[in-house]
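In the part that follows, the structures are each spelled out as structure tokens.
Next come two complexes, and both contain subunit A; in the first it sits with subunit B, in the second with subunit C.
Let's look at the complex of A and B:
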């Protein structure tokens, strides 16, 4: 592997591969070691957006003074408020789901067959049911307020939607926890047994600390999926971004030239929020994959 | 049949559990139509998304940088935006712009009017296939990458052409590597078909919603709905596992 790189090997058998590898290396020297999609993506998104605005403008009535971008600017506070609400729902649902899901995941490795069985059943049930159906389930079957004597605890739609979204998150977290615990080599269990740790000590001070690293990438991935699922709440009537967008469009009198810019604005907002999470997840996955 | 219907009617009288889809012909027809639509929608999107995935993975190996970048951009955009927003974008935004002129006949007179070029059903298929296809591109790409370099070099040493290597060595191995991930994604796709509810495609959730609105039996229908979807997913998982086992190469993988 020394000398000039024109011919990487002298063995005739490997020549086709050597040629291919040399070509790949040459290409890599031009484009850089890793593909850099971020800049390109940005450009692409921007051009799609600009194109859609242009298209919309061409479609719109020529005498109209306001451009679609102007209308979008006017509605921006309402739309962004909706987006912040999406993020808030995703935070709360993630928190709820993680807490309950971790307990359920620990239940799945319980020594008591009843606990183990029921945790397994709950996990599989909520993991394999569609998110939207679970959302409907909670929205329609949970009452809108709870009465304890004279005190009335209201239960508005967005809280119910958050709980509905937390259910599948719970089941997925449960699987993540179980998977991470199972991925710890069994020697760890045996050696802590031989050191006379109790089961609780083994789980909380030996097994779980080794799991956190493995759980973070899938957990972040789940968070991104959840954030994208918060839009489902618009179907059941929560005032989040998609609902606000549709209201804004209705308020504009269903103007066709506004449709593409407004809907692509929703897509762009979520993309800007979720894409960095996805990149970070991949990077963490790579970093944690080395140590096993 | 009569007997079952009567039994479920009496069951409602005695227990209050109202399963109209068993004893009421109208509700049963609606439910079965919804189920059929969900199955058709799922199968169509399944096939199309796998095709999109294969095409995308193939284009990712293209010599032209712009093609690779385009496919990467497609994958990242569809993976990182909400599927429902994509569906709305396609149906409400693009669907409103893509119109064709159709002739409408009323009595003797013929009118020309603008109608959407694609129905909500077609838009749902397009949107869901592209959404699942973006994941499939990544899955197939990582499968192709996971084929050991040495195996390819060995094939080159045997004097196989590029196309032969692709067809006889890389594809069979890559396909077996990516089956589990593909399995997961297809299960996800079946669950995502419920989103078509939002654009009034008469699939299972939509039909069930109509049934529980008419017959006021939300809890019962909810349970039926959940178990039906879990049943559909179970059938898919069972089939894919059978296939996975049938395709297993002795000594490859685990």
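Let's look at the complex of A and C:
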């Protein structure tokens, strides 16, 4: 209906409605199924969670004393411990990615062709690679420990996973930095040139300070995406929340009535963490859009 | 001023800017097709002409904001069109003010004026602040020192931009259609500032559409069209007695 609605009717009476439908379909195509966490989504998640618990309760044999909620309560410390790990991974990966990504972004506007070219290549390479594949590659390529003579620096799996996640973050930060710098009007470069500022002074004292505002919303958005992607680390065996959940379920003997409550609990935890970030991002976007 | 430049043997009775057969292209488009011009110390030179005739590009060549393909520009006897020219040293002597003001939006008016002398000339901060306040007073902006550019009107921003450029102590000022983005009432306040500057003996090159100003304040008027200088002369002669038909046509449209 939505695709062919422009020409779906020959009856003039229906034309306004057809237009409306076409417009709605077009709007949907533009905004698309982007999973921006909305409060609505949160409520839906919560009701799935509540419903599944009720369902599991009904399905459970009457002689079983413990409800699914009880089981969840018992496992709560383990699951939350896993969640804290997710947050820690997201923090460190974001920090690493931001530091290296900023350097890479500055490299992309370098006047030296070699620096500019290689920064561009690294950025494009890691930006267009699936996060999971990068994660696997880092897990496989980075050794589990480094030896410098007698000192041994261990490289546990979670650190490798963090590095693996930091790579796409780095590439995206690089693009954010480059884009923000390019969005500063060329007149700013001209006037600082005419005042005899060196290129370095121009970038660090004049251009970059004007960029921070523009960079914060996309940077926060990236952080929310990264946080949600930390569960990928479960595939490579890091003890984060998904792994812990799977273990808990296995320990419960793979009780099927527990699957939905447990996994929707994981969803809710991430939602509660990411939703405020998304709201704040939108608010900042609006504020900066007006002020500029 | 600009004592750090290598002595070039330039003396004050030679032109401060001497342009000979200047050519400039952007890609395949030749914007300047052989410009000759000389500006004496203390002169106010007005460059007029239809848009797209290369006026702004000509100014940008003088402080090496764009590089040139052919010809010569001597600023205080120093050739600009050569490899390894010290652009920063050149720009310390040549101030420039733009149509769009281009103030630094994250700095106050006072900070805008102080930044370059402190960071580029490495001058003492308190001495620079003193000078900056005096310059802002000179352009009649007392009380606006701590305002951000976004809080100032176009005319006020443009006067901050002039003060910012003056703070570097230039020997020559370039004005690129500095009143073109302003509304008629504020044009006057900026022109008054430039006129006072000219009366103080500052050498000025202006690209302008303000014919009244060019006639009154200018020492010399150049008319450019399609990358060439069509006609030039003293303002009185030029405006009342233009010889070239293109000049006549342009003036009849504008006056």
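Operating definition for what follows: the second predicted complex is superposed on the first by the 246 of 292 C-alpha atoms of A that agree within 3 Å, B and C clash if a C-alpha of one lies under 4 Å from a C-alpha of the other, contacts with A are read in each partner's own complex, and residues count from 1 in each chain.
Everything below uses one rule, namely that a contact is a pair of C-beta atoms (placed from the backbone, for glycine too) under 8 Å apart; a residue touches a chain by one contact, two chains touch by 3 or more.
This is a predicted model, so every value here is computed, not measured.
By the document's definition of touching, of the two partners only subunit B reaches A:267; subunit C does not. Shared-chain residue A:88: touches no atom of subunit B or subunit C. When the shared chain is aligned, subunit B comes close enough to touch A:259, but subunit C does not. When the two complexes are overlaid, the chain among subunit B and subunit C that reaches more residues of subunit A is B.
In the superposition on chain A, A:132 makes contact with subunit B only, not with subunit C.
Applying the stated contact rule after C-alpha superposition, one finds that A:229 touches subunit B and leaves subunit C untouched. By the document's definition of touching, neither partner reaches A:103: not subunit B, not subunit C.
By the document's definition of touching, neither partner reaches A:80: not subunit B, not subunit C.
Of the two partner chains placed around the shared chain by superposition, subunit C is the only one that A:210 touches, whereas subunit B remains out of contact.
By the touch rule above, subunit B contacts subunit A in their complex via residues 65, 68-70, 72-73, 76-77, 79-86, 88-89, 92-94, 96-97, 152-153, 156-157, 187, 191-195, 197-198, 205, 209, 212, 218-219, 222, 225-226, 229-230, 233-234.
The touching residues of subunit A, when paired with subunit C in their complex, are 185, 187-188, 190-198, 201, 205-206, 209-210. The touching residues of subunit A, counted against subunit B in their complex, run 13-14, 16-17, 31, 35, 37, 40-41, 44-45, 55, 59, 125, 128-134, 136-137, 140-141, 224, 228-232, 234-235, 242, 256, 259-260, 262-264, 266-267, 270-271, 274-275, 278.
Contact residues on subunit C toward subunit A in their complex (touch as defined above): 63, 65, 87-89, 91-92, 94-96, 98, 100, 102-106, 115-116, 119-120, 161, 164-165, 168.
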